[in-house]
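What follows is one structure encoded as structure tokens, with my remarks underneath.
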Amino acid sequence: MKSYRKELWFNVSARRAFINITPQVEDCLRQSGIKEGLALVNAMHITASVFINDDEPGLHQDYDVWLEKLAPHDPVSQYRHNVGEDNADAHMKRQLMGREVVVAVTGGRLDFGTWEQIFYGEFDGGRRKRGLVKIIGE
Amino acid sequence: MKSYRKELWFNVSARRAFINITPQVEDCLRQSGIKEGLALVNAMHITASVFINDDEPGLHQDYDVWLEKLAPHDPVSQYRHNVGEDNADAHMKRQLMGREVVVAVTGGRLDFGTWEQIFYGEFDGGRRKRGLVKIIGE
Amino acid sequence: MKSYRKELWFNVSARRAFINITPQVEDCLRQSGIKEGLALVNAMHITASVFINDDEPGLHQDYDVWLEKLAPHDPVSQYRHNVGEDNADAHMKRQLMGREVVVAVTGGRLDFGTWEQIFYGEFDGGRRKRGLVKIIGE
């Protein structure tokens, strides 16, 4: 069994953003030389997500509005976590969008449907943060 | 390490439905000959889910009502994604229910608690769509 | 390829609670002897979650309030699942928080960011329930 590990670094200046990281994950897979196995991609921070959906800007705006409705940032005082912090909502948005994805690796490729793309979802930006790619297989 | 791959196809005529795919995944596991490992089951479409919960029709109706409350289909004009489309809500419902499950394989069986069953959740039906089963192990 | 399996048992007297199970999962990893691979940790019940977030009591109270807002327990009669049961809301809260996590194993350690901790989330306590740890690798 082979294994491969790489950290991906992000520095989003806005509080929230969605970044397509499919090309970076494909690079990792090529570097790994793994042809059959599983690829895990996860946020290493608890106010960020890795998820799979569509690379469509309108949808990303819809997600942003929708997440703000289900887990509003303001008023920050509504959350007990926000003592010297203002990111409690980011911990909730991350649960809605998920921490990680696991992707099948088949024939040396990410085994994806037509529209599947991997995103890093930032909900508390303004600093350097990390994601992890771990691939195992043969 | 062995690996196994199979696509599962669905054609749901309704917009939304939940389909118990546990028997199909168990068939895949038998065909794979894998005794110890991990099974990934994921939707290959971004308006559908694979999730694990109870095979209870009342609960499925509750899920449908609840998802419609958290991510309503109408009015379709509320979503920027809905330009020539009407499925933005399906992209949200899929995030709530999740893209994939990873299941332990032990002694050649899906290593499940008493009530765990795997479902394909369709949120934008009316056409042929796919799920993926990938199993790795020995 | 090595594989390791262990059940973790819980008995939460309250209806809802979050329990940090990171030390138990680390024990499992040590016992497994696996240095490189993937660790799956999942609830074996469909009214409970395993998720990764912050071990901060204020945040856990925020999660409890927030989950109750998005998937309220009362009135129990609002859910069709609640015929001789009162836990439909727990099936929804579990979908919001997720069934499972998959964690990279690197150098014999859980490959975590600074604040990542694994929690068992109970949404329908008052009885003995199980989680599963399955680790594969070398």
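Per-chain numbering from 1; labels A, B and C assigned in written order.
In this text, contacts are C-beta pairs under 8 Å (C-beta built on N, C-alpha and C of every residue); 3 or more make two chains touch, one makes a residue touch a chain.
Fair warning: this is a prediction, and the values are worked out from it, not measured in the lab.
Participant: Between 0 and 180 degrees and rounded to the nearest 5, what angle rotates chain A's CA atoms onto those of chain C?
Facilitator: Superposing chain A on chain C takes a rotation of 120 degrees, nearest 5.
Participant: In terms of residue numbering, is the interface formed by chain B and chain C classified as same (over half shared) or different (under half shared)?
Facilitator: The interface of chain B with chain C is built from mostly unshared positions.
Participant: What is the distance in Å between the mean C-alpha positions of chain B and chain C?
Facilitator: About 20 Å separates the centre of chain B from that of chain C.
Participant: Among all residues of chain B, which ones touch two or more of the remaining chains?
Facilitator: 1, 38, 70, 96, 98, 102, 136
Participant: Residues of chain B touching chain C in their complex?
Facilitator: These residues of chain B touch chain C: 1, 36-38, 51-54, 56, 58-59, 61-63, 66, 70, 96-98, 101-104, 106, 111-116, 136-138.
Participant: Could you pull out which chain C residues touch chain B in their complex?
Facilitator: 1, 3, 5, 38, 40, 42-46, 70-71, 79-83, 88, 91-92, 94-96, 98-100, 102, 130, 132, 134, 136
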